[in-house]
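Following this line, the structures themselves.
One chain, chain A, appears in both complexes that follow, with chain B as partner in the first and chain C in the second.
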Partner chain A sequence: MNPALLIAAPLLAAFIAVIFKKIDKVVLGVVAVGNIAYSIVMAVLFTGATQIAIGGFAPPFGISLVLDSYSLIGILLVNVAFGLILLMGTKLVGRYGIVLAVSLAALNGIVLTGDLFNLFVFIEVAAISAYIMTTMNKQLKHTFNYLILGTLASGLLLFGIAVLYNMFGSLNIIDIASKLAISGVSAGAMVLPIVFIFAGLSVEAKLIPFGGWVRGVLKKSNSLVGPLLVTGYAAAILLVFGRLTSTIFIMSDGLKIALTVVAVATLVLAEFTAFSKKNLREVLLFSSIAQSGLVVALFLNGLTVAAILVLVNNVVSKLVLFALSAKIADDTGTDKISELKGVFTKYRVLGVGFTIAAMSLIGLPMFFGFVAKAQAVMSLFESGNLWLPAVILLVSVIEGIYIIRILTTLWNSGKEGQVPSKDAQKEYKLNGFVKVSIVALVIGVLIVAAGILPITNIKEFLSSDFLSFITRSMGGV
Partner chain B sequence: MIQYLSIALMLVGIYGLLSQRNMIKLIVSLNIFEIGLNIFIVSIGFVKDGLAPILTSNHNSSALLYVDPLPQAMVLTAIVIGVGITALALALARKLYKTHGTYELDEMEGE
Partner chain C sequence: MKQVVSILLVLAVGFFIFSALYFPNQGDSAFDSYGEVDLDERVSSSFIDKNVTGENDEVVFGESANLEDGSANYVTSVIVNYRSFDTLGEVTVLFISAFGVGLLLSGRRKKQAFAHQPNFILKYGARLVFGIMVIFGVYMFSHGHLAPGGGFPGGAIIAAALLLLYLADNDFRAKMKAFKVTEGIAGSIYVILGLLAIVIGGYFLMNFLPTGIVGTIFSAGLIPIIYVLIGLKVGSEIAGIVDSFLTVEVEK
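Up next, the complex of A and B:
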């Protein structure tokens, strides 16, 4: 099983779509389904972590892809999210089929690659496709700002990578990690590359203050671009972040606290901003900024399993929430919460899917989000950290308040606390909502199922294999 | 020495990005930043009195002193990506100019 196919197939599809413009949607659909199937097959047949050399050059001299349980989770997440978003927004693809195929290739590459410069290239390719995709929203000025900020950030990332290459003479992540262990480079010497790589990744990961582009680009996004940037892109970048923090980020306590403060500040500020917003999509995008902050904070404190669980919960629930909100906004012409009173009383299935995803996002028991957040808080307590769980619980309350406020408005067309009269019912008309409802409902069932089942299996799978791979490769590649 | 100069060039680019509001000037600043970065990366591979890393009939021993070819390959890729982004940014700027009649970001209305 060669994971390089996950990158090569979408790229080939993009080239075919350039030549045969008429069948670009078909090609894109085939490759999206194929990638999902292939990543599931790889997960089933997975026997152990391997490094796959590309082009016949043995790592660390050539580019290599890393296939372990960590990157498997990444490719499953990215490909399934991409497939579902494509399914829900097929009509919006239009002339953007080629760009979408390229972005799928780049996202798979970001998750799989084991080489730092290759990572930079994939991030750039993904970013360029993102710039082009956001022109769909007709907010060109914001797209331009995003482009400038994104390019500056990847420049900083490249600077950090160049400094690392100068220090270790290698670009292979695992090779650098083993050289770090042998050479005993001090944490002080690592500050420069870590800070630059952190800043470079933070723009795409949407951390405050680097995520200034998000609001302008995404507040009017349709049900294709918005969900893709909030789920697929965020997942890929955050997973890279986790990979780097657990291998080559050797941090002094001071630096770790400084970066954690950035992440926690993102979490708190974004949740408060989401609380104050009146539009559905704006609330959701500030909430995803907050979740990015939480995931980064967990990664920085070495809690890989908890971070992955929170990330998966965020991707799955935001996928439903953002896609449904954008769908409602596209069809009704507004996503102002106060103007959408009682929209779910007519579209109940849609409402149930939305509600389950929202409950999971807050982290209520019986839903997957509870498992994720409980794991995060418990492992923080175990590691002796007391202030971070307190912050997480506090912002969860804020999150709970604004999400439940949204849900009551969307379910109830009348005044609060009263049964609405028939006249108060506003008429809403949604086109082709069946497909969206089914996707939302299926994901909802999965969220509930994952919330009830015990997670010890996932936990063991994750920690044993992933960590053993790193320690084993420390001994020599 | 050249590394300090290239970092100074990067800082000039960042200063331009922070101080300008004209789209063309922003794109130029971005390019200055990228050129500084590229010179920095090439300078990493520099070896004093090193040869070009190509095996020829005159220099056919791996024991000779060569400069590091990897940063050069990296810069080549970075230049290509930079050109692509510049083209995309210029296309966006042109499109914005057509709708708003100005290259100044502050003078655009309605977005």
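Up next, the complex of A and C:
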């Protein structure tokens, strides 16, 4: 099984679609489905962590792809999320089929690559595809802003990688990690590259203050671009954070605290901002930014399993929430929460899917989000950290308040505490929401199943083999 | 106020970089001093000696044969052989950028009219120079493994030749469809060659052709083929950008 196919197939599809313009959607659909199938097959046949060399030159000389349980989770997450988003937004693809295919290749590359410069190349490809895709939202000035910020970030990332290359004479992440262990480079010497790589990745990971582009670009996003950027893109970039923090980020305590403060400040500020917003998509965007901050904070503190669980929960629930919100906004012309009173009383299936995803996002028991947040808080306690769990619990309350406020408004067309009269019911009209409902329901069932199954003995689940599998083979090639 | 903050930020970042690179604390130096680097520990030294996959002492121009990488140009060996996957990525960067420009500036378009009216000599002289430039571009990308140059500059030269025609002749406009097809075919063949390598050698983008004697035209296996593809691809992509920028939308 060669994982390079996950990257090569969408690229080939994009090149072929340039020649035959009319079949671009067909080709895109085929590679999206093919990638999901191939990544599932790879996960099933997975025997142990390996590095797959490209071009026949063994690592660290050639570029290599890393196939371990960590990257497998990544490709499953990215490809499935991409496929579902495409399924729900097929009509919106328009002339952007080629861009979407290239972005799929780049996201797989980001997750799989074990080489720093190769990582930069794929991040660049993914970012340029994102700039082009966001022009769909017709916010050209904001897209330009994003372009400038993203290009600057690529520059910072490249500078950080160049410093590392100069220090170790190698670009292979695992090779650098082993050289770090042998040579005993001091944490002080690593400050420069780490800070620059962190800043470079933070723009795409949307950490405050680097993620200033998000609101302008995505607050009016349609149900294709927005979900893709807050799920697939966020997942790929955050997984890179995890890969780097667990291998080559040798940090002094001071630097670790400084970077954690950036991540936690993102979490807190973004949750408060989400609390104050009145439009569905803006609330969800700031909630995504907050979750990115949480995941990065967990990765920085070495809690890979908890970080992955929180990341998966965020990707899965945001996929449903953002797609539904954008769909409602596309069809009704607004996503102002106060103008969408009682929309779910007419579209109950959508409402149920939305509600399950929202509950999981908050982390209520019986939903997958609870398992994720419990793991995060418990492992933080075990590592002796007390202030971070306190912050996480506090912002969860804020998150709970604004999400439940949204849910009550969307389910109830009348005044609070009263049964609405029939006349007060506002008329909504959504077109072709069957696919969206099916996706929302299926994901809803999965979230509940993943939330209930471990609940009988959550402590045992959290120490189980499955979770140790996630990190067992990571980087240990 | 914004400007003051920006200047202060730039100064702070500059100070951070400068102090980390030039005045590190004791033992915190990121780099070895000049001349003290152990070159054997660097991957790049193996790229120069061409001994990644096996033993090889010295590469002699015109004599060494059947090396793992037959390119006489070190830069080319790194770009198109040792790190060919990155190059596929960089080709995609240009591809998607050019596509994005085309997407944003699409619709029915006509040539932008210049204020000047090119005279006879400029118009026909440019055609003469056009041919020479294209030949030079083709030479550049087909000899990338022997001399400085390669697919990227070669393609850019060809696109520059086209730009010359656009500037020197008000009525000239190239047929963009042909460029799109060239671009797609070249890109597809690059990926297909990579996939073929999995079947033949077991590795994506492996150089599976024999390499011959360093310094001769057929000496680097797949490298010249890939550089020709890149040259065609880069040329047609930049030509597409030139066309997009030198035309204006037709009002309906």
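Methods note: the second predicted complex is superposed on the first by the 454 of 477 C-alpha atoms of A that agree within 3 Å, B and C clash if a C-alpha of one lies under 4 Å from a C-alpha of the other, contacts with A are read in each partner's own complex, and residues count from 1 in each chain.
Heads up, the rule we're going with is that a contact is a pair of C-beta atoms (placed from the backbone, for glycine too) under 8 Å apart; a residue touches a chain by one contact, two chains touch by 3 or more.
Not measured: the values here are computed from a predicted model.
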| item | value |
| --- | --- |
| First (chain B), second (chain C), both or neither touched by A:131 | both |
| Chain B versus chain C as contact partner of A:121, first or second or both or neither | both |
| Contacts of A:151 with chain B and chain C, given as first, second, both or neither | first |
| Which of chain B and chain C A:142 touches, first, second, both or neither | first |
| Contacts of A:166 with chain B and chain C, given as first, second, both or neither | both |
| Chain B or chain C, by number of chain A residues touched | C |
| Touching partner for A:2 - first (chain B), second (chain C), both, neither | second |
| Touched partner set for A:349, first chain B, second chain C, both or neither | neither |
| Common interface positions of chain A, toward chain B and toward chain C | 117, 121, 124, 128, 131-132, 135, 166, 171 |
| Chain B partner contacts - residues on chain A that touch it in the complex | 117, 121, 124, 128, 131-132, 135, 139-145, 147-148, 151-152, 155, 158-159, 162, 165-166, 171 |
| Of all residues in chain C, those that touch chain A in their complex | 16-17, 20-21, 24-25, 27-31, 37, 41-44, 46-47, 52-53, 81-86, 88-90, 92-93, 95-97, 99-100, 103-104, 106, 180-181, 183-185, 187-188, 190-192, 194-195, 197-198, 201-207 |
| Touching residues on chain B, where the partner in the complex is chain A | 10, 14, 17, 23, 26, 30, 33-34, 37, 40-41, 44, 70-71, 74, 77-78, 81, 84-85, 88-89, 92-93, 95-96, 99, 105, 108, 111 |
| Of chain A, residues touching chain C in the complex | 2, 4-5, 8, 11-12, 14-19, 53-58, 60-63, 95-96, 98-99, 102, 105-106, 109, 117-118, 121-122, 124-125, 128-129, 131-132, 135, 163, 166-167, 169-172, 186, 188-193, 195 |
